[in-house]
Amino acid sequence: MSDHTLKFDIKDLDFFYEDFQALKNIQMEIKTNEITAFIGPSGCGKSTFLRALNRMNDLIEGTRVEGKIYLDGEDVYDKIDAITLRSRVGMVFQKPNPFPMSVYDNIAYGPRLNGIKKKSILNEIVERSLRQAAVWDECKDKLKQNALSFSGGQQQRICIARALAVEPEVLLMDEPTSALDPISTLKIEDLITELKKDYTIIIVTHNMQQAARISDKTAFFLLGELLEFDTTETIFSNPKNKKTEDYITGRFG
Amino acid sequence: ACGSTEEPAAETTEVATETEPAEAEMTEVEEAELEGAVIVDGSGTVYPLMANIAEEYMVNEEENVSVQVGRAGSSAGFKKFIPGETDFSDASRAIKDEEVAQLKENGYEMGTDVYEFVLAYDGLTMVINKENTWATEMTKEEIVNMYLASGNVTTWADIRPEWPAEEIKFYGPNENHGTYEFFYETILDEADMVATANLQQDYSTLVDLVANDVNAIAFFGFGYYVSNTDTLQAVKVDFGNGPVEPSLETIGLDLDYAGFTRPVFTYLNVKYALEKPQVLDFAKYVVSFDGAKRLAGDNGFAPLPDAMYEEYQAQLDALK
Amino acid sequence: MDNSVNTLRDQERENLHLDRKYIDLNKSQERLKKRKIINIVAQSMFSLTIVFIIFVLGLLLFNIIRSSIGWLDWEFLTGRLSIRPEKAGIKSVIMGSFMLMVVVAPVTMIIGVATAIFLEEYAKKGTIHSLISLNISNLAGVPSVIFGLLGLTVFGRIFGLGSSILAGGLTLSLLVLPNVVVSSQEAIKAVPNFLREASYGLGATKWTTIRKIVLPSAIPGIMTGAILALSRAIGETAPLVVLGIPTLILKFPESFMDDFTALPIQIYYWTLDTVLTKEYANLAAATIVILLVVLFLLNSSAIIIRNKFQRRN
Amino acid sequence: MTDTKYTMKLRKSSKVENIVPIILFVIASISVVTSIGIVLTLVVDASRFFAEVSIAEVFGTKLEPLKKDPSFGFLPLITGTIVTSLIAMLVAAPLGITSAIFLSEFMSSKMRRIIKPIIEVLAGIPTIVYGFFAYNTVTPLLMNIFPELGAKNALSPGIVMGIMILPIVTSLSEDAMSSVPDYIRKGAYGLGSTKLEVATKVIVPSAISGIVAAFVLAISRAIGETMIVTIASGSSKQFTLDIMQPMQTMTAYIVEFTSGDAGSGTIGYYSLYAVGLMLFVFTMLTNLLAKYITKKYRREY
Amino acid sequence: MSDHTLKFDIKDLDFFYEDFQALKNIQMEIKTNEITAFIGPSGCGKSTFLRALNRMNDLIEGTRVEGKIYLDGEDVYDKIDAITLRSRVGMVFQKPNPFPMSVYDNIAYGPRLNGIKKKSILNEIVERSLRQAAVWDECKDKLKQNALSFSGGQQQRICIARALAVEPEVLLMDEPTSALDPISTLKIEDLITELKKDYTIIIVTHNMQQAARISDKTAFFLLGELLEFDTTETIFSNPKNKKTEDYITGRFG
């Protein structure tokens, strides 16, 4: 894959829940194979923005988008249909949410949607995805076991594997470690850094250390606006905006 | 006597008069199996007899034929029979001219497309409460008079001064029933009935009502009385020659209870009998000695003279 | 505090005779005894209510079981109907009820679940949704005998199904449909939204998500509701009577177009016919026992499914 | 690692996706069609009835549907329905409310878990069984107490119907009472109230709308109940208010008529639908009233 | 009324919820016409103790008391029955809990229980209680109005009036202002100081300032034990126990 070409290009994005404007005139460029972190106080619109990128917001009645989002130069709200988009732009959620079925079926769910029925290919995909998500060793003997019977950290990695199984280009992660204990969190952070080689990753986090540790770029949101967007180093060491600094140093939020 | 095709049935008839069905079974082995439904509706008075015949037929003759018996009442039965919804229509009164006319409109000619069979005789029975010690005997005139609106009878004392001055509760089956029509047309001669007469759809209700009210009186078929002799008593009726109690010995057109005796009928849709072998077969069974004649007594009806059943059998045999 | 306010308060206070006691403690004490006695009396009367209710239930079961003793045996279960009480058996009656359920179960499940999916997943807001929901809650309050009239007119006469098993089954299906819809709605609502989102996030379409994620999770709840609806349908009498089931059907039902008799119908006719033959009351009681056993089994299985399902969550 | 891309079929929002909601919508409309069917069934045939019978006659007391010269005064049916329902409420209301108070305010939670299901068993018993019970057990029992009681009467089915609707009153009232927040209860105890005083002076008044709604709903059930009255109250069409006497309800009239003279085309036959329509309107109104009460007087604490 | 005689005398009090011991060997003397504040971290047993004083805990299944509580020298668990006790020891709760009926009926509820039926006397009691609770002016024209239609602060004062109407000797208040806004809180605090002249008051509070402002004595509870009980001045300026100091200065809790 080409390095650091433009993956997402967001132009003048406004987003509305009914009458409430949750995002205001967002401009952002997201590069391939980078990790971008979204930070900001609760309710500032991080999740909303993230969900705009793979059109998950379409599922909420009464929402409206204005402006453009381009994925590899294609308008995602116009040229790509939501279903295709979502298999190109995978998503991992805050709370681990495996389906109440076996680990195997969880991982195979996406590939099966895409018409893959051959057992041998499915087996391969399952193994590869679980390996990528660094959870293969823990569940290779329990593939038929219900995914809900695993620990929270394992469940989250299974969910990541499930997302990887559809071979997305981008991974969106909305506070993927906030429901986890510190050890599981570290494992997932390692995994994310590892995945960076093959994927473009966008992660929402409340944990400043986490953003600093793993991301290349950081975006700071406040009240629906993108206040500052820069390399993580700049944001954490030398922010241009006073509010960014206040937030990062824990003075509000 | 049933004709050449029905030889086993004829044998059965002879045996069955001894009421020993177990031996009869042995003879029906080689018979061709019939199947399908036979639909009977109509008189509630005739219902127990017809239901009994139907059951005997299915148990002893054709177990794959389904005979369904309803008891909507004679008039209600004809309402279904006329447009061809049923194969048989039981009635506790003869079919009326207007009903014959309606049949004709539907393409059924009485006598060729519809046969009338008298099944047995029923004695219209006046029933009173067990505790009623006075009205155990009445003349026919008293009975007619008490049920007539013009009779002005409201208390027992209005009939005979020595009887209690308590209000009489008049009951009877409602207008769906042939029994009502027989009473109204033949006995009351179509004069208005007392306005307080309380007419019911279900005979069970009537039995209950009279069984629990000392001042109640009702009329219905003898059959419903004999199954309830423990809670009801029958009024002995004086037709001019002294009081007569209804019983199988007195009910009959030329017997002592003749004044309140009436024939009960079933009507057969002949077109269906020709189309559906099971209908014809059942019809033959109904009028056989094995059918109505044998079972009449059990259900509180007096059987006809043998000759009449034989005549009906011949009539049916001639169909094919 | 502001001084003027305080003085005002003092004045008011004098007007209020604070030192005056309105409540006489001695009198209150006496009164309290009465109040406590009333409380105890009421409590025992209330508990008598419960005892009475349990007594009535006991009386009902006792009398039915007592009447059925001696009549409820294997021959009764497997024999054919007869107008002679000692020979009568209810095999065809059980079969009739069973075949009714064979119609009711799939028909209500399909219509009920489809309606619930439509309401919960496709038409969440708007006039269509509220129209159908309102309609369903109204249908739930329509007396069953009215459904009988509907069945008589539409299935019996217009569709020409007469008083067949199919006509009866369809009538009962409509009758219990609201129950199935509401319980299926509850079950679908209970499926957490994050499972739907996860599925969409993998690029699944709406229908795929419903089929593969929502329905499998909702199935226990749907089953529980459906079984309870069946147990209501199996005891319904009025709609079938109105359809005009003939009084005596000796034949074993074989097809869905056959006329039939079913447990509640047979109980009804036998109850009416006790004037013909007293022992019919015993037959009715024995049939009631069978009906109650069937209901007990259905309800227990619903409870078992529900408990199993709850434990897993 | 990821250089082996498997060929995945690119799926569009397929046809299925568009057709499914339409199919579901069509099926969901069956319930609406059912309602329309009910209304049409009733209204079409009832209108044939009303074309021949005047409204004045309908509210008369003379009901002789089968006479050569029939008359259709439905008042006996209306009073029959009201009387039996009233008796039922006279049984169910006091028993229901006291058992609800007892369950919600007096009983320990352990006992409640045992007793409540027993009461709910009553709700699961088919009405035909209650009918048999009324006819076979309760009527003979009552006849020992009231010798003048008829074998068919309004009293016995009324009482049994009361027992049938009792679980509705109990469980809905209990729900209403237990939803009164505990801190209100505590407030009352804190002032030195006995349990009874808390229950009757605070909890019942607070839950009154739920309780009234439960009553109304129960009445609606009683009005629509069929088998108990069909079996045990007789089919007398006389106009009477004497509960010792047989009476006929609207529902029982429908059953009687369909099991008897179901031959279509006569005014008698159409009268069936007129009564059905009346019954439908009656129950609909009571149901709506119950809904209205719950909505309107629902208390936000 | 005699000043500062002994009102409550608590000896060796243990309290159990099923197997859990919520109060351990409490000893306390509460003087007439004093305000005693109970403070301590959440779950330390303040409410449990308060409810033991008027036997409200009796209403909770599976509770058990050991030790003695004397009110004016009488054993409340032995010599006084719970109903009488509760009308002598009134209670005001955390969340305002007026009955859903008119203000008038709320206040008249207690007197009516005690057999007062005469309209004129009830009127007097209602007015007096509402005046005492400093809410008369706000509701004198709305006595027939549902009590729930008043604001939270007004509701709480109505509840105090309701408690006063039964002429109790002691008022127990469990965080009576925690559900209220600052202005309503101040009003209630004023009221409490005022009521002190006529009643013995015990108040549970999480608000140190409040305890310091209004109480004469303060009791500090920790894990079911009464750690320190002294004049409010001593507790706040010179606590003997290190834990008390830590708690008061906000170092834990």
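Which chain is which? They are A, B, C, D and E, in the order written, and residues in each are numbered from 1.
What we mean here is this: a contact is a pair of C-beta atoms (placed from the backbone, for glycine too) under 8 Å apart; a residue touches a chain by one contact, two chains touch by 3 or more.
If you want to know which protein each chain is, UniProt gives these names: A, E = Phosphate ABC transporter (ATP-binding protein); C = Phosphate transport system permease protein PstA; D = Phosphate transport system permease protein.
Everything quoted here is computed from the prediction, not taken from an experiment.
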item: Chains touching both chain D and chain E; value: C
item: Set of chains whose contacts include both chain E and chain B; value: C, D
item: Chain hops separating chain C from chain A, counting only touching neighbours; value: 1
item: Top-ranked pair of chains - ranking by C-beta pairs in contact; value: C-D
item: Central chain (distance from its CA mean to the mean of all protein CA atoms); value: C
item: Centre distance in Å when chain C and chain E are each reduced to the mean of their C-alpha atoms; value: 48
item: Distance from chain E to chain A - Cα centre to Cα centre, in angstrom; value: 53
item: For chain A paired with chain D, centre-to-centre distance based on mean C-alpha positions, whole Å; value: 54
item: Distance between chain centroids, defined by C-alpha means - chain A, chain B (Å); value: 86
item: Chain B: positions in contact with at least two other chains; value: 202, 208
item: Junction residues of chain E - those touching two or more other chains; value: 83-84, 87, 113, 166
item: For chain D, residues that touch 2 or more chains besides their own; value: 11, 13, 194, 197, 259, 262
item: In the complex, chain C residues that touch chain A; value: 124-125, 192, 194-205, 208, 212-213, 216-217, 312
item: Complex interface listing, chain B residues touching chain D; value: 72-73, 75-76, 79-80, 174-176, 196, 198-202, 205, 208-209, 211-213
item: List of chain D residues in touch with chain B within their complex; value: 66-68, 143, 149-152, 234-238, 246, 256, 259-263, 266
item: Touching residues (chain side chain C, partner chain D) in the complex; value: 35-36, 38-39, 42-43, 45-47, 49-50, 52-54, 56-57, 59-60, 63-64, 67, 110-111, 114-115, 117-119, 122-123, 128, 131-132, 135-139, 141-150, 152-154, 157, 174, 177-178, 181, 205-207, 231, 234-238, 241-244, 264, 267-268, 271-272, 281, 284-285, 288, 291-292, 295, 299
item: Residue ranges of chain E touching chain C (in the complex, touch as defined); value: 81, 83-84, 87, 111, 113-116, 121, 124-125, 127-128, 131-132, 166-167, 190, 194, 198
